[in-house]
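What follows is a set of structures to go through.
You will see two complexes here that share subunit A, one where it goes with subunit B and one where it goes with subunit C.
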Partner chain A sequence: MRITTLAAGLLTVLVAAFLVMPAVVSMVAGVSVSYARGVSECLTLDWIVEVWRLYADTIVRSIAIALATVAVTLLIGVPAAYALVRRGGRLARVAEEIVTLPLAVPGLALALALIITYGGVRDLRGSSAFIVIGHVLYTLPFMLRSVMAVLQSIDWRLLDEGAASLGASPWRRFVDVVLPNARPGILAGALTVVTLSIGEFNLTWMLHTPLTKTLPVGLADSYASMRLEIASAYTLVFFLMIVPLLVAMQMLSRIGARREARP
Partner chain B sequence: MPRRFEILLLLPAGVFLLAFLLVPMAVLVPVAGSGRLGWSAYLAVLTEPRYRATMVSTLMVAAATTGLTLMIATVAAQFLATRRFVGRDLLVAMLTFPLAFPGVVVGFMVILLGGRLGLVAQASEAMIGERIVFAYSLTGLLVGYLYFSIPRVILTVMAAVETLDPALVEAARSLGAGPLRIQRDIVLPALAPALTAAGALCFATAMGAFGTAFTLATRIDVLPMVIYTEFTLGGNVAVAAALSIALGLVTWAALALARNATGSVAAAG
Partner chain C sequence: MTATQGVAHGASLSVRRAGKTFPGGVVALQPTDLDLPAGEILVLLGPSGCGKTTLLRLVAGLAAPDPGGAVLFDGVDVTGTPIERRRVGMVFQSYALFPNMTVAENVGYGLKVRGEPRAAREAEVGRLLAMVGLADLADRPVDRISGGQRQRVALARAIAIRPKVLLLDEPLSALDAALRERLRIELAGLLRRFAITAIHVTHDQAEAMAIGDRIAVMRDGRIIQLGTPEDIYARPVDPFVASFVGTMNRLPGRLVAGSTADEVFFRPEAVTVGPPGAGPLAARVVAAIFFGAHRRLTLDVDGHVVEADIASDRPVRVGDAVSLALDAARLHVFSEPSGRIDGC
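Moving on to the complex of A and B:
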């Protein structure tokens, strides 16, 4: 084997180890009686139980916020994606630029703008809805792009015109023809939105109140003030929530690739 | 085509974005000018030594993250994309699984790696009798941003490498070009659009990220941390707003430049 190939392989393996090792340490520490004494002692689920006792509300709230976020992005994002694909041209590009602005502007700045503008509305500021608003801003571009990509890859115009020639109204065509055909994009977009919402911290840290803590906020709290085993167990709970979502996303993209490969 | 139908489809998203994106951002602009410094708050990031130093160190961390990530990803992606070997899928999975980790979790990973009880501290104590701790500093932040960026960039570069024509590399090799020459003259020019897009995204994320720095230490002086402390601890809303706008402009410009250079929309994380 060439020396350069060997070096490249070595670097790749080292980087993989760099990424995996701390995650493994964290998972092991989360189920060890004591991190300092090592794993060999014995394993326990006590820390996980303790995490549930301390932080169950953050876990439940994060799931609720993720579901609310995905509901809103579906309701406002899917119709908008269809309208932008239909319309095309410069107007659509400007609109897309505005929608994707929250990806270019740091979450902290966005959260600051929201607090300065709406911080005085006490009922909104103190509720989880304020966090949902932030999460929708941040995740909407992903939903939009995912749905637009699918619509652009299928011949929506042909389908739409076909249905129109049969006398279906624009709304009927949207609900009965376009939506079913855009389903892979909608599903992929929804999974991305849920995953991003559950892990979102930059906006959430500014927008939350002591009564509306989410999972990542709780994680930051446990990293700062809890013993390493509890912080690790909490991180493990987060991994367990996020991994099924990632696997589902991967499977979905694999199915999509196979469908495309077919002539 | 019924235009009214399209307007109705766009209306819900339009109202939402107007109320919660455009109006708040417009409100931010005058707030930044309302403080002790007046409108010169906008220049504070350049004129006040403390903020200028913060801006410089933030830019440097982001630039170092981008450079190192691109180098590592280019080497690893080529190694993985062109070969089929036992354990390749496992290696790819190991390299991409931190994709969904938020910044706070990445910060915790850095603490487990380079913190007071971390792996490096334990290993270095066993080997040289001294605990090496790097987590709670700019070095730790850089390591965290590498941890965060490498999986994302590797995926993009791997996709680009797969579209590369292996015959070109073969031809160059048969003509006697060495590995460095092949990289410089064939591989890197072909990968340039993907590297630009991924690099800009990496840079913008490293500029604006907050979670990792927050987990590692409140004393790390990068722009997002200073904005946070000015706002919550200092109660200095005007400066926080001005710095936010400066930060937003830098990240937005980085992404816009890359998009113009490559002509494609970069997906963000």
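Moving on to the complex of A and C:
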């Protein structure tokens, strides 16, 4: 009994280490003067400064695109989720499936379809908005699912009927009662969308132009053309951006679970 | 004392041939007529699935009656008016309190929606909370108060808009038995003080007796009997009502020769328990449960179960042979075949 527990623990640590090591090595490489000579040599922040000098625009653009994407998915996704749970039935399920379809299609294919269809519009093709469109297509199902799930868990229909009996119009019911109580799900959806948008590579790689590179595209570029330390420092920057978002998501889902557990 | 007292006592309510058929053809409510004078409290009583909640939702405006049906408040047809413009106060089974608001905000929401100025709103909310005994919980979030307190918040919130009709959908059923019993009396008192037209839905006959001015016993989507609690208890129209309200014994037999009914019904209090030979029916005590002032006996009469009450100081034990006499004035017979008498 003892021995099997110990063995299981050891195995878990080994597997975890195997999975985590590459990330750690990469991050350490990003602050090493020379990766080839090892960590013992010296640590430096020069590479991170260099990354900022070379790729600041991609970092800023990625954040801007993520914010634009989350704004659009909120604007479309929240009312759409409400409409879908309100209507219910087969039609709503079909609509949900259609919106979810982009998840099943490879990002490259989706990007290709977008380029074939709208690539002719030169101003759109060359702008970051084109990437935002791709990201919205890809992230909308996550927002939709998250909001629909929270609406179902808060029993929106009962709250809606309660507010209606007190004289509130459908719009006021939505704003005063449904939205505030759906907030944990909406926030979780928004964080998921931001995280996915910042990390998205497949679609973005096809859709970008030399003037609209995002962080992951820049990463690929640095892996291909820069020295290892810069690419690693770049990865470190990416981690620093994405980890707080992941932690926030985890905390939100825990709050949601606690709320549901309450009688 | 309060604005809710003395001013608006609510509207009179009429329901005309209102039925409800759900998609798929299930008839939840047969075309039903109902008249409620202003200020009366009506209880819809029946087992689950009997149509009582459906009738309540038709009156509320949460569901529309089948074509031909109508709902009138003070003689005005409101059938096509959505709930938000009907001015009905609704207390839901699970209360439907808004978790994003405090107790006071919940109670004041209806007034806020109506654009009532803040000061007037706060005064009214304060008065209502005092009335239901929750004044010191005004700023609590509604998920930090007990079930009984939530129920009172829901009631205060529904009353705040000075509704024409107050509708209560099994408001006590989410509470545990002891609390339910206490709140039943409290709720009956509050409703009397509000003096408002109200419909209260329940499947609990004791609750119906405590709260209703009149009771409508429902089954299979129709009202079977409508009357005061005393009427329903003393003069049930059929075996279903007789057995659903209070305890009812049944024995095979005929009241008079030539009558078609072959069963007689009687309440425990119509039975006099005496020593063997004193009464016409011989019985044996199967169980005796102590209730304080009285003892409820379960008796075996020729293989039939009869329940009767005796004073608890009488020395009757399980296994004793006794005799029963029935009060002829309190026997019921029903001409229709009694058939199935439980469930909908």
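By our rule, the second predicted complex is superposed on the first by the 249 of 263 C-alpha atoms of A that agree within 3 Å, B and C clash if a C-alpha of one lies under 4 Å from a C-alpha of the other, contacts with A are read in each partner's own complex, and residues count from 1 in each chain.
The working rule: contacts are C-beta pairs under 8 Å (C-beta built on N, C-alpha and C of every residue); 3 or more make two chains touch, one makes a residue touch a chain.
Because the structure is a prediction, the values reported are computed rather than measured.
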Q: With the two complexes superposed on chain A, say which partner A:Phe18 touches: subunit B (first), subunit C (second), both, or neither.
A: first
**Q.** Partner with the higher number of touched subunit A residues, subunit C or subunit B
**A.** B
**Q.** First (subunit B), second (subunit C), both or neither touched by A:Leu166
**A.** second
(Q) Let me test your reading of the model: by the given contact rule, A:Leu158 touches which partner, first (subunit B), second (subunit C), both or neither? (A) second
Q: Check whether A:Val99 is in contact with subunit B, with subunit C, with both or with neither, and answer first, second, both or neither.
A: first
Q. Counting only touches as set out at the top, which of subunit B and subunit C does A:Asp176 meet: first, second, both, neither?
A. second
Q) Do subunit B and subunit C land on any of the same subunit A residues, and which? A) none
Q: Sort out for me which residues of subunit A touch subunit C in the complex.
A: 154-155, 158-159, 161-169, 172, 176-177, 180-181, 183, 262
Q: Give every residue of subunit A touching subunit B within the complex, in rising order.
A: 2, 4-5, 8-9, 11-13, 15-23, 25-26, 29, 35-36, 72, 75-77, 79-80, 82-84, 86-87, 95, 98-110, 112-114, 116-118, 133, 136-137, 140-141, 145, 170-171, 174, 195, 199-202, 205-206, 216, 219-220, 223-224, 228, 231, 235, 238, 242, 245-246
Q.
Under the stated contact criterion, what part of subunit C meets subunit A in this complex?
A. 60, 62, 82-85, 87-90, 92, 94-100, 109-110, 113-114, 143, 157-158, 161
**Q.** subunit B residues within the subunit A interface of the complex
**A.** 1-2, 5-10, 12-14, 16-17, 20-25, 27-28, 31, 72, 75-76, 78-80, 91, 94-95, 97-105, 107-113, 117, 119, 147, 150-151, 179, 204, 207-211, 214-215, 224, 227-228, 231, 237, 240-241, 244-245, 247-248, 251-252, 255-256, 265, 267-268
